[in-house]
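Per-chain residue numbering starts at 1, and chain names A, B, C and D are given in the order in which the chains are listed.
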Amino acid sequence: MNKILGMGVVAATASLLAGAVQADKWSDQFPHIKNTGDIPGECSYDAMSQKDYSGQKLTINTHAVPVMGEPTALHAEQFSTLTGAEVSVIHTPAGDLYSKAMVPFQSGQSPYDIVFGFSNFIRDWKQYLEPVPAKYVNMRQMQDVTQSHIDVNSWDGEMIQFPIDGDRHYLKYRKDVIDNPEYQAKYKAETGKELRVPQTWKEYGEMAAFFNGWDWDNDGELEYGSAEVMKKDDLMFAAFFSRSVAYAKNPRTPGGYFFDLETMEPLINGPGFVEALTDWVAATKYVPPGGINFGLGDEINSFGGGQTLFSFSWDDAFVAAMQDDSAIKNKVGAAPLPGSDRVWNRVSGAWEDEYNQAPYIVWGWTAAVAKQSKNHDMAFDYLCFFANDANHQADIAIGRFGVNPFKKSDFVPELYVERQGWDPEIAKQYADTLMEMEEGSTNRVFPLRIPGVFQFNSAIATGTSKALAGQLSPQEALDEVAAEWKKIVKRIGKDVVREAYAVGVALEDNLE
Amino acid sequence: MRFVYVTLKYLAVCLWSVFVIAPFLWALSTSFKDFNSVTGGATYIPWLQFEPSLEGWRVLLRSPAQGGVNIVEPYFNSIFVTCSASLISIALGTLAAYALSRFTFKAGFIKNSDITFFFISQRIMPPIVLSIPFFIMLGKLGLLDSLFGLILVYIVLLMPIAVWIMVDFFNKVPKEIDETALIDGCNPYQAFYKVVLPNSIPGLIVAGLFCMIFGWTDFFFAFILTFTEVQLLPVAIVALNSSITPWWSLSAAALVCVAPLIVVAFIVERYLSKGNLSGALK
Amino acid sequence: MNFKHKYLFLLPGLLVLLGILIFPIGFTVRLSLSSWDSFFPGLDFIGLENYIRLFTDDLRFWEAFLRLSFLSITTVFLQYVIGFALALMVWQEIRFQRFFRVLFLIPMMTTPVIMTVIWRTFFHESLGPVNDFFSLFGMTPLWLSDEHLALVTVIIVEVWQWTPFMFLLMLAGLLSLPKEPFLAASIDGAGPIRKFVYVTFPLMAPISIGAIIIRLIEASKIMDTVYVLTSGGPGTSTETSSFYIFIKGLREFQFGYSAALSFTYLIIMIISLTVIAKILVKLMIRSN
Amino acid sequence: MSLKVSNLSMKFKDEFHLNDVSFEMSKGKIYTIIGRTLSGKTTLLKTIAGLTNPDSGEMSLDGVDFGAVPVWKRQVAMVYQQFINYPHLSVFENVAFPLKQRKMPRPEIDTRVRQALEQVGLQGFETRKIQALSGGQQQRVALARSLVKEANILLLDEPLVNLDYKLREQLREEFKNIFSAKASENAILIYSTTDPVEAMQLGGEIIVMDEGRILQQASAQEIYENPKTTKVAQITNDPAMNLFEGEVVDSTLVLTSSIHLDLPPHLAALPRGKYTFGIRASGITLDSDGFEFQIELAEISGSETFLHLQHAQMHVVGLLDSVQNFDIGQTVTAGIDSKSLYAFDKSENLVASPYGGTK
């Protein structure tokens, strides 16, 4: 099934690329899509120009510019020109997106027609959101979306949020170092080990430590091992889970990763998680100065600016490194997240010495239509237009937009070689890595999508950052988190949490 | 001895000046950088250490669809809201302060000083405490995302300041002046606006300046209580604080945001030098 | 002087303030007795449960409060000392007097939330100028990510932002002092230090008390700085009360609980500020 | 037309500011209230002006109840000891203020203001700012403002006390004339002061106040000649009248064991026994024929010298009409002019005066 689809996608992409040469009337009017021209589809420029929303008002809460904020505003302007709708866009920093929409939701206000946010807001928000109508779910444009992103945007099989962006955590590394025979020899000589793309977090740590604190690219500045999100904020937990899936997600123990679905006891202080946090605490030794206070932006600046050997969160750092004006363009590589040599089996209560690797289908950008919106059609049309092939193709080529691949047709190396001047090898590696995560793996972990998700994530951030700061040992820190989680579960109600958590577990256990 | 003293004084003043200016100079320098010059480590002098770029400043002129922020309208909104709220707060606050300074109030254990403290104590509340109730209240009144709603909220923020300064000020104005006015045939209101007010202009100016400063620098309420119709400057600027922090445009924006208040600083200083402020703040 | 008209002066302001505030305060109290949460938005009644939780099972709140006390007392003390010192220096003859006076006022006029972003880049441990300077000596202090140093950084930024406020009040106070006591002291042959101890300081005591109280009130709301600089981290080492209330309220959406936190905080603050004011008055008047 | 005040009382924190004050004042006269600081003078003036409300008591002007009339409708004018003017207005505008308030036509205001300014000697100062004037000039403006409105009652609360000595002397002279002119316009003029000299000079009727109470109301001469009590005698003399115990024994006045005086004629009728005797400083002069005193202090004031003298338990202040230096502790001989002695009984009421006794 996958293969056939994949072939179809290749064919479609080939025609996309061919279309790029011909300008059409839409690309004359909207230079944003000059590479492809309009691409036929349900929500193409052409299709939108048939609609008339003049005199109607659309209000959108989106992220700060430029990440997501700029494409939102740009497509709003285009949408307005095409349909006559009056679109106003408000830009909110990432950390406040949840509350900015949640405050009005909770008090029965409906200032926004469309709210941008992260996919894991889904459980808290869904009661205020309008499910995506079948018309859109079944359209061709949607069928190009990878299963992982359909899953992330759906609740119990019903699509609530509209896929507009792809997000995942994967490993980024400095190809010019890892593939450098001189360094390989040096590494071998000094550690007795191979310098290669790290397969496990232990290898990652060893290499990062080795390449920490000296000028290995001869630019006159010191370089460091790894840049990661360690700042105690809303993104921190994602970095921790990326590091812990390898140790704690055992494909042979279904029934919950964060909690035991039956008892709803938190598993967060299990040996797998503790091992990952121990690794992470060790990582504070090979991050740049102040790395323990890096937010996503700092991570992107750091790796994208050529300061570190590794980084492992969202696409942004990779895209930043591959920008035209980047000093390290075509010097970076993408690979799946490292795994581990052993994995904890919570049923038997023992480590299994078996290589384990699990993609963490991390949450990412998404957008949805408010139930109280007065014009659902227009709102969905906007989102559909936002993600139409022509816009999407153009958006993913602009690093600062923060729009990343999530369509099967995105995972074609030629796109990146032709449009963005990537080295073909890097492009292939990138496309393959992403495609494998999206479509291939059966050992996936989905983000926690349960009521009060912020309370759970906030507890994780508080606990792990105490460990990183050395206030607590990893075990103590996670025990504290587990205790906090229990309290939250108790407050919210075990059954309520279980019901929501089961939806995610079903995806993880491939029960569909 | 005297030489040492003078030298130390100049040294201290200059050191502090450096500390005050440093972040602004850094912001000025950063505002001419781009991604690459930021991530290359700390640099200071354009051309010499990095290739200057106008990107940071251009962002302020572009529309969001081009990756910029709209600051012109928020600028005027900010000025309007700050000025209106300051004026109303001062008008009401001055009346109340006059009453508290001149008349005795007694209701059970509540005395003048308690009422004054009640006014000032409104500033004890962290904005977060009030933001949600305010949201719900303004929602019910249909005043969310409106200039008027913001002004209402800012009155709560600013009136305590006006009362605090004006009570102190009126306490310094001899009450014999009001009495003379009464004797000269003014009723209490006439005495207030014909005699007391004209002689309280320094106090009013100080109160006004403080109100403007505190109104202008508020972020939290403006952030929670507005959506698209009304944006205030800090909120508009924070909209630049994307997940990749654009140091350059934020620096430029910060400088733009500070600029009008530097004029205010000059006014404050002018009044200070003329000695007018002194009476107002003693 | 006593007029029945006096209420017409007081009431407009008082009523407007009460009118705007009565709902928010009442609502906060009511909210604190409910379990309003992100998944259950509504005003049920759960009695004092939130308060019980706060007093029996929330060490973090009390830690944050202690930290806040430390932070605000330290910053206000520094602001007072520095602000007073600066005011003394530009009070009397100095070159470029106007320039210095204007300059010293400016930080107060900046929007904290925006300026702190600049400070964050300023203290950025690997890309900022501060560590660029320290690296000359082979040091890289972790301004934002060391548990203790992060607090220091918060204090530095707070002192930068609000010393001008003290400076302004103290300078204004100095400028309004009567000249006679200074003349008398000069005639008695008092040096600058004795003059300060016996004349300037006692004369400035009342205004000092007012300024310190107001600054304490303002400083206790410290929030933007922490939010932008460290988000309360590393660990919980820079979390203050209002930031913690913010986390519980607008991050985790435990509205009910955060209302209980708010209300408790408010009561504690009003009581402690009143006590502090009384103590200060005693101390300063005694030194008089 | 007269101002009648009866039983005014006002208490603040257990302390009387006014204690059962009653008097009657008639138009065209100057009344001087004399009393020490905090004796209730200012409170009394403010009460008459309507600026403070008494706890009890009544006031009437020409038989019309006055207490209920608000300040701004009472036709009063007041000058404070602080130089109170409207700092934001020019001299002219200051003086014109009460007239404008009364909506008087412009030309009339003009003439009246000019007249008043002329009266106080400030012609040519019309456009000056108040802050640009000296203290004396400021007080002249205040006076002009109170004159211009032709009030029924003009209240002057120690108007000269904050001026320096020279100016005070000068203004006192000038004001006296202005006041007489004013009073002749059928106004009641009430002047308060702590200075006996001032009170005596203004003439008119004097009201002596202490601790909120009226001790004596009489003409200046009467107060001088017959101070009703020792308190009055002290308050109305500067330096305060010397008081000492003494006894009338036969035809001798025994003041201390070593000071014995012949009983002067005006005291001859006194029953024998113990009294408090009073004498003004001028009644004690250096006299080789007198008693020995030790000098405690010698104060030079203008062209006079006040000598603080001690003899046994007796302390007195004497007056020397010239400037002379003394050492403290030095012994001098001074005479006591027994013809100037006042005698007060045990309850401190006057029983005999050099000017012809008591009523």
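In this section, a contact is a pair of C-beta atoms (placed from the backbone, for glycine too) under 8 Å apart; a residue touches a chain by one contact, two chains touch by 3 or more.
Everything numeric here is computed off the predicted structure, so don't read it as measured data.
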Topological distance between subunit B and subunit D, in contact steps: 1
From subunit D, the most remote chain by mean C-alpha position: A
Chain pair whose interface holds the most contacting C-beta pairs: B-C
Subunit A and subunit D, separation of their C-alpha mean positions in angstrom: 93
Chain centre separation (subunit A, subunit C; CA means) in Å: 39
Where subunit B and subunit C are represented by their mean Cα positions, the distance between them in whole Å: 15
Interface hub residues of subunit A, defined as touching at least two other chains: 96, 103, 107, 298, 301-302, 307
Junction residues of subunit B, two or more chains touched: 38-39, 41, 132, 136, 179, 182, 187, 224, 238, 241, 245
Shared-contact residues (touching 2 or more other chains) in subunit C: 1-2, 126-127, 131, 250, 255
Residues of subunit D that touch subunit B when the two form their complex: 46, 49-51, 70-74, 76-78, 80, 82, 84-88, 97-98, 101-102, 145, 149
Touching residues on subunit B, where the partner in the complex is subunit C: 5, 9-10, 12-13, 16-17, 19-23, 26-27, 30, 38-39, 41-42, 44, 92-93, 95-96, 98-100, 102-105, 115, 117, 119-134, 136-137, 152-153, 155-156, 159, 163-164, 168, 175, 178-179, 182, 187-189, 192, 213, 216-217, 219-220, 224, 233-234, 237-238, 241, 245, 247, 250-251, 253-254, 257-258, 261-262, 264-266, 268-269, 272-273, 275, 277-282
Of all residues in subunit B, those that touch subunit A in their complex: 34-36, 38-41, 59, 63-69, 132, 135-136, 139, 144-145, 223-224, 227-229, 231, 238-246
Parts of subunit A lying in touch with subunit B, wherever the complex brings them together: 59, 61, 63-70, 72-74, 76-77, 88-94, 96, 100, 103-104, 107-109, 111-112, 221, 295-298, 300-302, 304-307, 316, 320, 323, 325-327, 400, 402
Touching residues on subunit A, where the partner in the complex is subunit C: 96, 98-99, 102-103, 105-107, 123-124, 224, 230-234, 288-293, 298, 301-302, 307, 451-452, 454-455, 458, 462, 465-466, 468-472, 487, 491-492, 496
